[in-house]
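Following this message is one structure expressed as structure tokens.
Every chain is named by a letter (A, B, C, D and E) in the order it is written, and numbering of its residues begins at 1.
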Amino acid sequence: MRALAVEGVWKFYGDYPALRDIGFDVQPGQCVALLGRNGAGKTTLLRILAGLSRPSKGAVKVFDKDHLDRSARSAIGIIGHGIGIYDELSALENLRLFAGLYGLQSPDKAAHQWLERTGLERVKDGLVREFSRGMRQRLAVARAFLHRPQLLLLDEPFTALDDRAIALLQSLLKESLAQGSTVIMSTHQLREALELATHVVLINRGKLAHTGLRTQEMLDDPTYLYRTYGEA
Amino acid sequence: MREKILYSLGIVAALFLARNIWKMLVGLPDEAFQGAIFRVIFFHVPAAFTCFACYLTALIASISYLKSKNLKWDSLSVSATEVGLAFGAANLVSGMIWARIIWGIWWTWDWRLTSSLICWLLYAGYLVLRRAVEEPTERARLSAVMSILSFSVVPFVFFSIKWFRTQHPQPVLYGEGKMDSAYRSMLYINWIPLLMIAVIFVAVRMLQEKRQREIDALRRTVHAF
Amino acid sequence: MLFFRQVATVAAKDLRSELRTKEALNASLSFALVILLLFSFAFSPTSDMTREISGGLLWLVFAFAGALILNRSFARELENDCLDALISSPVSSPALFLGKALANYVLLLGIEFVCLPVFGVFYNVSWAQQLPSLALVLVLASWGVSVVGTVFSALTVNMRLRELMLPMLVYPILIPCLMAAMQLTTPLLAGEPLTGDLFAWLRLLVGFDIIFTALAVVLIDTVLIG
Amino acid sequence: MLFFRQVATVAAKDLRSELRTKEALNASLSFALVILLLFSFAFSPTSDMTREISGGLLWLVFAFAGALILNRSFARELENDCLDALISSPVSSPALFLGKALANYVLLLGIEFVCLPVFGVFYNVSWAQQLPSLALVLVLASWGVSVVGTVFSALTVNMRLRELMLPMLVYPILIPCLMAAMQLTTPLLAGEPLTGDLFAWLRLLVGFDIIFTALAVVLIDTVLIG
Amino acid sequence: MRALAVEGVWKFYGDYPALRDIGFDVQPGQCVALLGRNGAGKTTLLRILAGLSRPSKGAVKVFDKDHLDRSARSAIGIIGHGIGIYDELSALENLRLFAGLYGLQSPDKAAHQWLERTGLERVKDGLVREFSRGMRQRLAVARAFLHRPQLLLLDEPFTALDDRAIALLQSLLKESLAQGSTVIMSTHQLREALELATHVVLINRGKLAHTGLRTQEMLDDPTYLYRTYGEA
């Protein structure tokens, strides 16, 4: 069973095709780096995968179910540009809310567990508004991992994070990869992404330019990819 | 080719309208109570019906857009709404002129009049809403929803004279109002050219919309590095 | 079952975060008071006149103050991209919508029940004579306002002129509902019972509520997922 | 000299970008129409009553529609952090403020001059009998509204509940100004000339304008640079 | 004459000191990388330098004038998180506006010149709203450089930019450094920043932790700085 199957996806903004016939498969356990220059269509694609937007043509299957399906959605975890956390609620309330929405058996237990894992247990009753950026980012991670998603979609997760926050996120991602989850992340910070990735998908102005394993060359010189498969 | 057909249709409609006006002025006698101004009705009522027809078209186009995601339906929806607004304005203004002469005031807060105005404002709101959304697909989607919601007021306009006591004349076509048959047939006959004009306008606007989309797409490619 | 639990969860979240800060609530309450004041200046109502226009006045105040609450409803979700987190969760759009509409409904009713006595004092109206009927009217009309307002809040949330668009679009659609509420409230405030003619208005209110709730539930998915 | 050039540059920029899209203008115009409508329901004005409350009605409409324009004034600068670019340029805060107030003033006057005839038609008021005096009142009162509104637009621009805060804070302060305008407008619309009693209101308007312009110019630097 | 002198600057948010007694000098022609973990106070400091915010205590001098002074402001150019450009105006109108505000002798000439230099001449009448991200970024650069600022303040200028956009920005910065301008930029993308920087300022929870020349060690291993001067 494929974790994700993207089949001939097009997305039009008006008459402008932001995605043109994108198609690729992701097997469970893979970590895919979604690369491309500014405006290539990474965010557009990730939003479609996350069920936040409908493709104009084509289909997206998550574990062989339509991506807008309820059970497909419960298998997905997202971290976007915003943290997706309510400022006026406490850390615990936030996690309990999402645990409830995802229909977890014991929302309370799941919430506490993830507070502990992200090191937020001792501030669990603090309002998010008062948290520092690092703590908020941790909470966003806890929110995304809470329901043990089998497919993680991350849009530029390393942007504007410092070395420590990046290390935390990387270790969490590694762990959930080890547990068999699938990860797809877009980024411009090639080094951080390629260290983690097992596969690479490169988009060029809305078209699939390359998809395949991450090779040693890419690690050695991140611009290798753009030079080889991108435009001049 | 398409333009030629449109233009010739336009000429036919204009000739038809001229004939009707001639008939109205020369062929029909003044009405007993209201006098010469009564002839406004030959525009007032058909304009209202044309306007409703346009709104209905917009409704159907909007639903079709949501079903098919084809931007052609969106252009039909805007075009029909714009033309509908024009005819709505014609209805309002002719009614107001009439009111000025018969009632002595331009406006009264009568249900028929008011609901017509609400309806007009709602569809004007539709156009304002369109300007607030940049991206064409999103614009089409949101304004389709708006169009569907707006249409809920149209029956209200139509039936307002039935539901409430109003100063506005009772409907002669289906209700208790009475009208001489010569007047009545004139009413119907004059509706034909107005409807034709509406159709032509809608077609022209749709062409414009299509061109506009093409231009936008071209400009986007120029403006994208 | 799950559906209703989700509705309740969403509504509870909205209410909790509103009641924690009470920002929107306080602001729209004081806004309501301010416009009550403005009106009383503008129209310097004599007691006779007040009697005639009390229903209209009251519902205008509710409509204006309500728009502020409704505007916040989806705008609140924008701050940290929370809307994306909600939509990508397995909550269906109608459940999300109904939860938010419910929360708005409760807030709106809260504002109304605070404004009523204040209004009574300012304009010297003994408003409690027909309390059950009045409550019925408030309950029905406020649901209409909440449902329509919440749909438009969702519709306009990503627009450039959100705070301008919402009132501009929402009031015309609400006019039948507000009109009926005004017509019903004026006699009720004057202490007259609901009679013959007024039932037509009540029917209009019920019809409005049903039609727009149905339309909203059908259309909301299209509005939320582009 | 440089100061006035900067004021003009800022005002021209605001007007140009507003007139290019006409969004706020269109929206607040149709909003004004909608509330004219709402008022007419709420108060179902007979011709007698209309005569008494016409000034109040009109200024309420202007105040509500104006708030939408004013709300946009600084909010417009947030989109791409343009406000930072402006403040870090060598334009002094008062120049920035006056430029924006001026742009709002022009827009507000535009809306008023469109609304007046519409009001005249809908409420059957022949408003043009005392045109010069009426224009004077409009010009004076609108400046007060623009200045106060622009200050509060700056004050609230970074608040979480911007669209809620502005009307809530601005109307109470504007009450003297609006009050005077209402008192002056009602007789002017009825065709009576400005006489004895009314000059006191006119003086109030002038005083309001001067005081708040001065206050605003003094305080704006503190408001803009935290 | 020092390009910038920061003297004992404190900034309080309520009772919380976001900046604690920061003081350093920058000589003309230097390129300073302002580094620090999330929440260290980089943005707070840059906003104070740019005159967008007043220090609670202390003083900032730009070319020996108070930083809120008009002539100090004309010497400063900023690029923040937002592009600082109006969407409803055309590229040319935007530049002309700022040229006017800065009181340039010939606003039109300056605007055209910078449109040309950033490669936007051919789309000068296009509304900014329709521009792609790369083009907007160029325009923001043109806006910041328009009045030939002697002191450039950049807050995370490389964030979320692709390789090409970063290269463009770097080349423009290099050029203006060569012409004697001073640059101060905050960033988490250490590699890109350190390549350009001549000096380094490290802030640690609002306190100055290190200031000095950029050394070869830092270039070789960007985390060296945090390891040496930062907290555990």
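A few comments on the model shown:
Here is the rule we use: a residue touches a chain if its C-beta (ideal position, glycine included) is under 8 Å from a C-beta of that chain, and two chains touch if they have at least 3 such contacts.
Quick caveat: nothing in here was measured; it's all calculated off a predicted structure.
Where touching is counted per the definition, the chains common to subunit A and subunit B are C, E. Annotation of subunit D and subunit E: jointly contacted by B, touch as defined at the top. Which two chains touch most often is answered by the contact tally, and the pair is C-D. Separation between the centroids of subunit A and subunit D, computed from CA atoms only, is 47 Å. Our note on geometry: subunit B versus subunit E, Cα centroid distance of 56 Å, whole angstroms.
Centre-to-centre separation between subunit C and subunit D, using Cα means, comes to 27 Å. The set of subunit E residues touching two or more other chains comprises 132, 134. For subunit B, the set of residues that touch two or more other chains comprises 118, 121, 125, 128, 132, 134, 137, 220, 224-225. Counting only residues that touch two or more partner chains, subunit D has 21, 23, 27, 30, 34, 37, 41, 44, 79. The full set of touching chain pairs reads A-B, A-C, A-E, B-C, B-D, B-E, C-D, D-E. Of all residues in subunit C, those touching subunit A in their complex are 2, 5-6, 9-10, 13, 16-18, 20-21, 79-82, 84-92, 225-226. Those residues of subunit C that touch subunit B in the complex are listed here as 151, 155-156, 158-161, 165, 168-169, 172-173, 175-176, 200, 211-212, 215, 219, 222-223, 226. On the side of subunit B, the complex with subunit A involves touching residues 69, 71, 135-137, 213-214, 216-217, 220-221, 224-225. Subunit B makes touch with subunit E in their complex at residues 134, 219-220, 222-225. On subunit B, the positions that touch subunit D within their shared complex are 96, 105-109, 114, 117-118, 121, 124-125, 128, 131-132.
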